Amino acid sequence: MALLTVTGLGVAIGNVTPLDGISFEARKGEILGLVGESGSGKSLTALAVMGLLGRIGGRVTTGSILFDGQELTILAEPAFRRLRGKRIALISQNPMTSLDPIVRIGAQIDQVSRLHLGLSKPAAKARSIDLMQQLRIPDAETLHGAYPHQLSGGMKQRIVIAMALAADPDLIIADEPTTALDVTIQAQIIQIIVDLVRDRGLALLLITHDMGVVAQACDRVVVLYAGRVAEMNTTQAIFAAPRHPYTASLIACIPAHDQPEGTLLGIPGTVPGVLNYPPGCRFHPRCARAIDVCHAEVPVLQTLTAGSVACYLQGVPA
Amino acid sequence: MSALRFLWGVARTPRGAVSAAVLVLVILCALFAPWLAPYDYAIQNLPGANTSPNAAHWMGTDEFGRDLMSRIIHGARTSLSVAITAIGISVVAGMTLGAMAGYFGGIFDRVVTAVVDLTWSFPEILIALLLIAIIGTGTESIIIAIAIAYLAQFTRLTRAQVMALRSETYVEATVNLGAGHAHVIFRHLLPNAITPVIVAGMLATGDAIILEATLGFFGLGAQPPTPSWGAMMSSGTAQIFIAPWIILFPGAAIAVTVIAINLFGDALIDALDIRNRLREV
Amino acid sequence: MKIFARRLLAGALLSSTFLMSGFAAVAQDVTMVLPAREVGAPTYDPIRGTKLNVATTLIYDRMMLQDADQSFHGQLATEWSVTEDGMEWVFKLRPGVSFHDGEPFNAATIAWWIPKFAGTENAFMTEAIASVEIIDDLTVKFTMKNPDPNLLSNMATTFMGVPSPKAYDAMGDGYGVTGAVGTGPFKLESFTVGQETVLVRNDAYTSGSALSENKGPAHIARLTFREIADDSTAFLELKTGGVDMLLSVPADFRTTMEAEAGLTVVTMPGRELFYMPINTTVAPFDDIKVRQAAALAVNQPEILANLYGGIGAVADTFLTAALLEGKVKDELRISYDPDRAKALLDEAGWVAAADGTRSKDGTPMTVKLWTQNGTEFRRITEVIQAQLAAVGITAEITVLDPASINDEYKKMTEHQLAVRSYSYENADILDWFFSAERLGYPNVSMWTDAVAEELRIKAMTGSRTWDERVVNFTAYHEYVLTQFVFAPIYQPVQSYAFTTDALMVPEVIRSTRVQSQTFLDIMVK
Amino acid sequence: MLLFIVKRLLLLIPVFLAISVVIFMLVHLVPGDPIDSILRVGATPAERAALVARYGLDQPILTQYVTWFGKMVLGDLGDAIILRRPVADLIAMNLPHSLALGSLALVFSTVVGITAGALAAIFRDTWFDRGVMTLILLGSTVPSFWLGLLMIMLFAVTLGWFPVSGARTASALVLPVLTIGLGGVALVARVTRVAMMDIARRDFVMMLHAKGVSRWRIELGSVLRHAMMPVVTILSLRIGWILGGAVAVEFVFARPGLGSLLITSLNQRDYPVVQGCLLMLAIAVMLGTLLGDILQAMMDPRIREGMK
Amino acid sequence: MTPLVSLKGLTRDFASGSGFLKPRRVMRAVDDVTLDIPRGSVTGVVGESGCGKSTLGRLVLRLLAATSGSVTYDGADIGSLPPAALRAMRRNMQMVFQDPYSAIDPRYTIGRAVMEPYQVQRIAVLDPKARLAELMAMVGLNPGLAASYPHQLSGGQKQRVGIARALALNPAFLVLDEPTASLDVSIQAQIIGLLEGLQRDLGLTYLFISHDLSLVRYFCDRVVVMYLGRVVEVLPQARATPRHPYARALMNSHFEPDPARRKTVQMLRGVIPSPFNLPPGCAFAARCPAATALCQTDRPALVTGTDGHQIACHHPQG
């Protein structure tokens, strides 16, 4: 059953509308991948769900965000604040900058459980150390008193994860949690996140641009392009039979282990900026298969037997 | 041309408009003082000394019966030319020193940084007074003293800019093309470093006007009968009860000018989005 | 570092006592502001000090005091006599006087004291004294090298306050700074240079002179002298009751203060004189006609009327009006005469152009006019600049600080005109400023003239009696005037002001200025 | 930490040496011979030579420096030529006043500046922000002597709340502190405001919001705390202002102080006093920088780490 | 055939701390690298952040001076060239930088930036307009962009400008320093495709630096694996199976864009040593599953096998 249902979400910043008609749902015990290149609106979606659009001067213009039966788009800030960190937690993109550099790590984790669970200082500390140990952080007792700069990037990201888990949330939004990390560390953090969802039955919204990570970790995938949903389906289906030309191209952009030389093509053109969204299907200028209608008419996200797609070709193979 | 268009753009913001209007007025006064001033600034009329503002003398007369408004208009010329010349010299010298220190680094940088940091910690007024004691009084000395008093600021700022820019990829890329130091410094570093320095220079011009006035208050600076706002206030303190306007109007002229400079500078900083690059000062 | 730390600590304690003392105002406490020109006097050592403030006259008594009419009245000396030839002086000393430190004052004190002047800047005061002889405990005899009719006048100056020999020798270089011990009506309690001096009453005092009603201890128990450089600040302090008396009132504030209820402003004849020295060695002023023209271009009445509201007097000689030597022949007085000035310039070959500026052989008549920092100087100078311009002389003003001005003079090269003032009440100021032995500074006019030197030396060392001295100095003064080596400008008055609710100040000041004799009589309400 | 301070102090020694050389040399650049100022008019060359010898001015410059430095280390800054007393005494008389005035002005400008800057940053781009910042700007755009005179006219003369001048009572400090402090308020408020707005954009602040911490707690607890670092840096770098920046204000309020002493003695060519004052200011600057570093280290563990 | 570029014992130290407040600490960023770069080939250097790969690239071009060791280009020791000769030599060897966003002076137009090499080298171009158009066409840029400023271009376009600048002087050798790391995946593939084509058409020699093993394996002829400043393995063919445990870990950390090839990530134990304080033995020993006591104390030498496969390990994997 869906914990989070986003329907027709539109977001405006000033007088531009970077997000337009985003719909998806996230379920408990499932990792939903939100995939897209820069400017696709992944992080904005996360901020909208967290109710933090105001921080960057944005606002929800259309649609609804239903979390556990509660409409978030009309929720007042004090109520939202009690939700944030408690029921919806964030694992941010850059662990290097997400921790307050002058506050001890332990205190930063403790803060969440003290704030939302009303724990005493020692109780919060015990809980934090327990969480750190669960995340396989060595020597958790000592590190509880350490400062962020004393830790490696991988460790910091584990601390950020511990912070997210501190109040036992139901939904975690992980915004590119491994982009800033080295390859070997990235693999381990992804593994930890996958294990968490499996063990705790959480709903996880994994935002990434890396199709490898998607293939490795996600159960279902939403592909975003230029502020709209292009395609949504199970991971298996997306990779086996992508229905949107963009999805197919995106997968083809990554060299597979046996990719023959000279066959990596990429997608011509550039991802449009929010000020230069083309009319019609926003992918059409880069789409090799675009037909006339794509230039003028916005394709509607259509639910098919399995998954949905916003394309006039509707998955007809090339 | 695009710079002019840019300035025009800044001048159309609410803050920019008010401050730009005041600045233009002050600059016009400075440029066309002899035509704008209703009277000769030096003509004395001792029997008519210390008259309060009236229809003939909008700002009253000073202790020699000279028209105060004419003197304030001419004073704009003195104050602005001293401040602008001094800051101009300071900016050019500071940029040279700062660029060299930031670009070449090493022992030269260390020495420059140490001296600059130390002098920066001393109040400008003390540095200026110290220098005037060494090089003597007079307009040129005041200009040099003010220029040196602010040198540290521009050296620091330029050095910080150059240090930051030096690690920009395009600088490395240019070196990789086989560019010499001169090309890197004059074609890439300075053009990119100059904006914050110019803006800081503009803001410092406001401070320099105050410094010039303070030196004038101590009896240093423009030689009589040349009017300067600071010297006018200095002699005005003695008349504070008989003729308070003698000290009030020049003070107000300074306050209005300096506030306008600050507001316009602020508007520029916001428009150029260089607040972070000015942080060091 | 230890010594330094201790000094710092002491300083901190000192200043915190200041902070405290403000809260505990005691009756009979009086605060006064020193005259502006006395600000910054570094020491209370009368022998070595060159700049002393009025508080010095309260710490030290002098042998005698001089009244406004130039008559002398004994203080530490009760009577004195001089031989006909002026070569021997005998002084009887006041009995029963002791210093603040308990040391007795007697003939031995004088015998110790006079030789102390040798080698100091004040040596000229006692230069004529060959030896001091103790006749008895309270009688001394001076044997002179040459007659010095000016001796009594010297002995009445602040520089000849008598310090305690014991304290003086014990404190060495620190004397006058860390302490000062005299026989005067007040003892020095604390002294912060440039800031303030606190004096407390000498309750054992009995040496009041004939110039005071009160011969015993002062009425004021505790007297603070503050040094405030800024005139307006000083005035505001008086107005708001922060101080009780200003010992000098700047001309600018006189009318304002007179209008102020609760303030009394008293004006008395001045001792100061503003003048414009002319460097006789630099063209065009090497030509006496040009010098005369410049001197005649100065419009003294205009300055008196407009800058000073008619208070004070024009100066038309080099000496203040009170001095007998200033009574010169009327035709020698230098007074404003623009037509004559222009005629002289024409004669000298400086031709006026249509706009009034003059030039000679293509050289424009542009001269340097120096002045020193300070509102009053700048103001007079600006007016003089305009007055010179009126006869066709373009003067460019340079404002210098007093130290620089003297440095520049010592270079003896460039200077031409300046606006200066002196404050002194003896004709030997002529010797100071015009002696050929002191070119550069103080002989700013750079004047050497055989006739003048002869007259000067005669006046300085060739007079046996006071009257003879007056005659000789008048002759010298008259010659100086004929050479136009300066232009006289203005003689200010002295003013002092006090709050009527706090103080009662004697109406008649028995001296040329407010000094110890007046302070003894000031009453606290 | 203690080790760090000791180490930093030791490192200051060469800096101090360098500064002392500069100050010593600088004073010898000032034109005008101090001997001429004190030599009595008409003195003989022998008298002049005696004075020159007394102040050691006949020694080679290096010897003069070494002698001066050696004495200075022992706390003997020499004797003032014009003011005729130990320079150390003069400094001891003036320094406490400078310290009182400077440190109170510092406290005033820090407290008011931070409060105003923080509120302006929290209510950024509102009328409140603009109003407060413009008002503060006013205080720093008028010459301090002018402001001081106006203060005297208003608070001392018209209202009679405070004494006009002097340094005799604690209340005499109020107006000079306000006069100097207003300039500092503008600096501190601007730095605070800009720093807070900058820090509010950092990732970890967004993270705090994501954790559900309330806005006021974030702004005043975290953001302001971070914003203090640039404030401390600026203030510590400009510590020389505390002791010497008030010359004009000291003049108007007839207060003693190191700045006034320096200027007076400079005008009188009183070399030893000038040297002593400059030295004190330099020491203050060095200690200020050190203090700034220590404060920074107390606030920021990364700097603490770097100190080891 | 002699290699185009030869590195011998190339070493570079960086000192940290101003030496004023902090003790001077020395970090060896590149440690004793000996390597030949054959003409017309693509040599890949792969490793994680801080392994010294970018420093190596700069040492090769002498954008940094080596602490010791030599770089020979076409027989000339570029370390001993006088400045003027070095400047002339730069016509032959160019670099494409990682961050296209800062690789062009923001005050330069694209045209001016592309033509800057001629200005710097004082080469008179007969028909600058034509040459500019030619260069822009060569990298797939619309010549109409010549009057634009960098901020008006997308990241991919800027990187093309960077490549055009590098090619302007007709160099034979290019160092590509993570040329696609800051680009979107769809653009990355474009740029890699462009670089492939240029190499083929112009017979260029590349040193390709990347953290992405799959990209290196796709694009390069040979692969050099670096870890903490040292070369740990050189694969003579890009697709050869690595044998060094670190190279293996790197390979295992890569997620294939194929849900069918999901893997279970092995958690690496141990801590990455500080580059300021490297252990006496193998730098990877602390994290290596195969490490023995020998690895802690003895640093393995880089040994060349019969097939040209070089490896520095006491316990190479089968």
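To keep things simple, chains are lettered A, B, C, D and E as they appear, and every chain counts its residues starting from 1.
Throughout what follows, a contact is a pair of C-beta atoms (placed from the backbone, for glycine too) under 8 Å apart; a residue touches a chain by one contact, two chains touch by 3 or more.
Just so we're clear, the structure is a prediction, and the values are computed from it rather than from any experiment.
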item	value
Any chain that touches chain B and chain A	D, E
Innermost chain, taking as reference the mean of every protein Cα atom displayed	D
Rounded Å distance between chain B and chain C, as computed from the means of their C-alpha atoms	43
Interchain centroid distance [CA atoms averaged], chain B/chain E, Å	49
Approximate Å spacing (C-alpha centroids) for the pair chain C, chain E	86
Euclidean distance of C-alpha centroids - chain A vs chain E, Å	31
Touching two or more other chains - residues of chain B	136, 218, 237, 240
Multi-partner residues of chain D (each touching 2 or more other chains)	31, 149, 153, 251, 267
Residues of chain A touching at least two other chains	none
Touching residues on chain C, where the partner in the complex is chain B	230-232, 235, 250, 252-253, 255-256, 302, 305-307, 373-375, 378-379, 381-383, 385-386, 396-401, 404
Touching residues on chain E, where the partner in the complex is chain B	58, 61, 63, 83, 86-91, 94-95, 97-99, 102-107, 116-117, 119-121, 162, 165, 169
Residues of chain D that touch chain A when the two form their complex	202-204, 206-214, 222, 225-226, 299-302, 305
Of all residues in chain D, those that touch chain B in their complex	15, 18-19, 26, 29-31, 134, 137-138, 141-146, 149-150, 153, 194, 198, 230, 237-241, 244-245, 247-248, 251, 259, 262-263, 266-267, 281-282, 285, 288-289
Touch list for chain A against partner chain D, complex	50, 52, 55, 81-86, 89-90, 92-94, 97-103, 111-112, 115-116, 147, 149-150, 160, 163
